[in-house]
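To keep things simple, chains are lettered A, B, C and D as they appear, and every chain counts its residues starting from 1.
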Amino acid sequence: MAIAGASGYAGGELLRLLLAHPELGVGTVTAHSKAGDRLTTHHPQLIELADRTLEPTTAETLAGHDVVILALPHGASAEIAAQLPDDVLVLDCGADHRLTDAAAWQRFYGTEHAGSWPYGLPELVHHDGAKQRAALPGARRIAVPGCNVTAVTLALAPGLAAGVVAPDDIVAVLACGPSGAGKSLKPHLLASEILGAATPYAVGGVHRHIPEIQQNLQLAGGAPVSLSFTPTLVPMSRGILATVTAKLTGDAGSVRAAWAGAYADEPFVHLLPEGQWPTTAAVLGANTAHVQVTVDEAAGRVVAVAAIDNLTKGTAGAAVQSANLALGLPETLGLPTTGVAP
Amino acid sequence: MAIAGASGYAGGELLRLLLAHPELGVGTVTAHSKAGDRLTTHHPQLIELADRTLEPTTAETLAGHDVVILALPHGASAEIAAQLPDDVLVLDCGADHRLTDAAAWQRFYGTEHAGSWPYGLPELVHHDGAKQRAALPGARRIAVPGCNVTAVTLALAPGLAAGVVAPDDIVAVLACGPSGAGKSLKPHLLASEILGAATPYAVGGVHRHIPEIQQNLQLAGGAPVSLSFTPTLVPMSRGILATVTAKLTGDAGSVRAAWAGAYADEPFVHLLPEGQWPTTAAVLGANTAHVQVTVDEAAGRVVAVAAIDNLTKGTAGAAVQSANLALGLPETLGLPTTGVAP
Amino acid sequence: MAIAGASGYAGGELLRLLLAHPELGVGTVTAHSKAGDRLTTHHPQLIELADRTLEPTTAETLAGHDVVILALPHGASAEIAAQLPDDVLVLDCGADHRLTDAAAWQRFYGTEHAGSWPYGLPELVHHDGAKQRAALPGARRIAVPGCNVTAVTLALAPGLAAGVVAPDDIVAVLACGPSGAGKSLKPHLLASEILGAATPYAVGGVHRHIPEIQQNLQLAGGAPVSLSFTPTLVPMSRGILATVTAKLTGDAGSVRAAWAGAYADEPFVHLLPEGQWPTTAAVLGANTAHVQVTVDEAAGRVVAVAAIDNLTKGTAGAAVQSANLALGLPETLGLPTTGVAP
Amino acid sequence: MAIAGASGYAGGELLRLLLAHPELGVGTVTAHSKAGDRLTTHHPQLIELADRTLEPTTAETLAGHDVVILALPHGASAEIAAQLPDDVLVLDCGADHRLTDAAAWQRFYGTEHAGSWPYGLPELVHHDGAKQRAALPGARRIAVPGCNVTAVTLALAPGLAAGVVAPDDIVAVLACGPSGAGKSLKPHLLASEILGAATPYAVGGVHRHIPEIQQNLQLAGGAPVSLSFTPTLVPMSRGILATVTAKLTGDAGSVRAAWAGAYADEPFVHLLPEGQWPTTAAVLGANTAHVQVTVDEAAGRVVAVAAIDNLTKGTAGAAVQSANLALGLPETLGLPTTGVAP
């Protein structure tokens, strides 16, 4: 398997997972400005790959692999994907192929839409009770979901699918570690700025993950959703805690059953025992989502919370999980499920 | 000035502020189980008070001071306050005297209500345009607000007072440092549990700060409010970031003016320039609240965010600010306004 | 395999590793004051063991397992170990059986010495060039090293074994995450105390890990060592960074070769490429030690640095590695080698 | 007072302190690439200076002030200082004018030496018992010490001055917050890299602070010193904890008296009570150093530890303290002494 964009955080996490995967080996690793560097200069944790060097990201260097994962900035992945053969499994960790609505893409990204690919969130429950998983076996192009999107979707989709919450006034507030923003050299991502600080960003309906969340939740609930979405940066390297509330429309007594039913057989998504709330520490490094839900009857709202590791279940683990499905391997193959806590 | 409960975090912060206050000196410092200990055993930062020893918390040890601040667990403060003379200024940093509604107290605390005192949040704007400040000059009993309450109230009250947001479906999610929970020896407050973790608690309408927030926001909006309130612990020692959303009812164009008007002349509460969002780091150790607001028209919601230091503007600074007002001193006397950032 | 003391951090980490181990399954899990609790109440990351309950720690509950790992306070492990059959493999993660010198035990622990067991640090190079690994195949009692001890030993032992540094004036200063101190409810382990703080403890020759380090380094160098040892707590959950300096006695040009030779074939201990210094993040959750060394000719000292995860290579991973060796399994079986970074 | 380099962390801290200073007001604030920006874009904590704009750093913009503080990269400060009138008090927070030995400058910086200025560490005790303080009244050029240098010097100088420790084999290991490295956009300073990580840098005698520490300790001990110096980055925004050991040469019983005597009358440097060890949290935001010392008789070494805030006592507070002395103001005027803990 080749990794394009291997010098970044998603690339490093993909390689960590692949080193432990019994079927998918590590092939070519590429980068843009870091091409020519030794891989472990950027990822000292990948000590087993100490002899690897980053090659340039081109169709040529990526050729000859059955599976290629793109961990590139949006825009770049569409361009390179177009040059890869149709029978190669290509998974795009970037945003280019997630949205089905070209107008939404245009509105939030301002560029031409590259088209949509089968969407790699197997546990997404549809309005008809099916799971998104069904779209993945045999697929050769897969769009890996955004990390914030995964957290919000997994938190709320069961309630919408079961009709116990309303789609028209959803509020999501997230606590996010900075690794989700990648290795960009921006002042607000410096350790001195983030240590001791909680800070919101992209407030007021402008975050690019919004249309993707709406797309997922509409699949779940069968109706358009309105969503207030506020991410906040907090001082932990990894992790997303999504607190999502929606108006209770059904019977309070049937709320828990909606979530329990949706996730009963899922290997990676767990509804915690009543009274136990998710914590990001418990899913660190694992392809696992912890979910909890309760009803605040006085406020008339259901509160659903999900915790994931943005780099594992939020990105690299999701890619491997979808690759397993596409290739006909066991879905859980090679994926860690226990978080590194404390 | 005497401090009861001086071994805790609120007590330590009160002493830090009083050491820099030109009019209010440090008198007796008391504690419960730590009585007899040297003060700096618990507060190494208070090096100037290295010769002080903690006395037991009794009416006798607190006697002879014009001002007494109680930083005690709820329940304890009402009992000791009842034994102090009427002409002594008593400020209670605990919850006992904040709520005016005895039934709400009973419902959330399960004990008999101790009665309500003038409420020490000077910047709280009332429905008639007055500020809570007016209740404080000359007062001899003052209830200091809860830290989460201060953050949520300052974030949203101007919109309710101006009628641009609806009171009936407010959603608040907070990122909070663990010092707000005090020095209790509880497993979930251990560093190993909190480092690298974001974790919600008291989810679903059960947090004891809810009726106090509702009381404040009803004063602001003139109508009962419904509130979904979720605090989350994040890995920073101090700080609260409150993200509060409410349905837009007025003209989107008049939203900013509501907040700007409410806080234009406030020395400690600042509406940031457009586009700049609050961060807890910028108010660390300061008696300052930073506030920002925007309209998400697609979601039909106003998003208001406030950042405070839970121990300063959230507790000890608020107490000193109210003491200044009660005693006829300049409101800002001795209070830091610049955060210790980065 | 049974785990005694499974409610603590070492116990949780052992279970995380065993869940991924192809040969060693999870049997009985026991605890002292937490017996009767659901395991996941204390370890939410162990979601796959959600149906397990903690049993009391007794010889009876631990009976019937081929392998028992003790993750108990010192003193407790000797007592329970004495009740287990001789043909059961018992690994003690506590201190009771590490020291060969009963007088040193008495001096640092103040109780009677329980005797010494084969010592589970396979990579420890002896003065004669052998490795400690040789003592472990077939062993049925193994003392797992202390976490700080492992870091300091791995950092410096090659230099002593090669005779390029002097044993008589070693200085070690460590940055340690608080999880090494366990889940004890002590004020200095609260998150509010540790966030934003670096703090030394057990300074001046009183730390109980000192005689164990001296024992190891004497094995390496063949002569008694004198050691100044200062650990400091820093705000990260896991990880130990040991900075160890010793006087250069050999040729500066032969220093690197001493370390390179000692660790050339080690699967878990790596001398990093020249110029790259260890970071604890790169070994998080891995049974891996990263080591680097350089010569400061002006100061006349060699500076050697090692980074480990105190719970993995420092405790639970070391126990599994030694168990593999004792049982005749491949040494690396089931052990993660890639750190969860960033 | 003018601040050159006001967009950086040292500049922001200087402004925080000046806002609370009764005699030294805030005049022109300048920057290099950030000139033209609003000051609070870079320092949201300086809300009281919300109307200020950064001007370019030139002799012209800095003209007309009695006091100018330079918080510039090394090299830049010498150039601008040369253009300022002799009767203006200029304090340089950079390295250009600290070293008296031009050859040492050349060796560590590789450029021509700009000459040395009176050195602004008032508490530095000289071999003859005098303090460095004596050099500052009336001075019009002052070199502000480096932050790591201040920590190591204050930790060990009393022992050298008293002759109870040897100068020839000093070992210093520091835990440092990343704000000491400034706002440079370097990958290793990103939050994702520093959260959860302890990492050494500039190991093996190459750190530029070494000759400055040697210069100070030679002033204290009267003889050249050899020094092994290793700083490590740890995940706290501010703070330096320096653990410094030196060989005991005098009577162990007289060690504490050496430190007690040196700092007995110092307003900003405190020897803690026996058994209490410094923590960086206790000096956060304060112009205070906490020091402790003990003898490890088995190792034959004295262990001295100092904690400071790198931006306050380590930089900006030191500058204000020296300015007070130079201008004939009380040395402690306007400087905070209580740390913001927890």
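Following the convention adopted for this analysis, a contact is a pair of C-beta atoms (placed from the backbone, for glycine too) under 8 Å apart; a residue touches a chain by one contact, two chains touch by 3 or more.
This one's a predicted model, so the numbers in the text were calculated from it and none came from an experiment.
The minimal number of chain-to-chain contact steps leading from subunit B to subunit D is 1. Look at the CA centroids: the one farthest from the centroid of subunit A belongs to D. With each centre defined as the average position of its C-alpha atoms, the distance from subunit A to subunit D rounds to 45 Å. Centres computed as Cα averages put subunit C at a distance of 37 Å from subunit D. Residue numbers of subunit B whose C-beta contacts span two or more other chains: 9, 179, 192-193, 195-196, 235-238, 278-279, 281, 284, 342. Across the complex, subunit A meets subunit C through its residues 9, 12, 15-16, 19-20, 38, 40-41, 43-48, 50, 179, 195-196, 237-238, 270, 272-273, 276, 278-279, 281-286, 288, 290, 336-342. Within the complex formed with subunit D, the residues of subunit A that make contact are 9, 177-179, 183, 185-187, 189-196, 235-237.
Subunit C meets subunit D in the complex at residues 169, 171, 173, 175, 192-193, 195-201, 203-205, 226-230, 232, 234-239, 241, 243, 245, 247, 277-281, 284, 292, 294-301, 303, 305, 307, 341-342.
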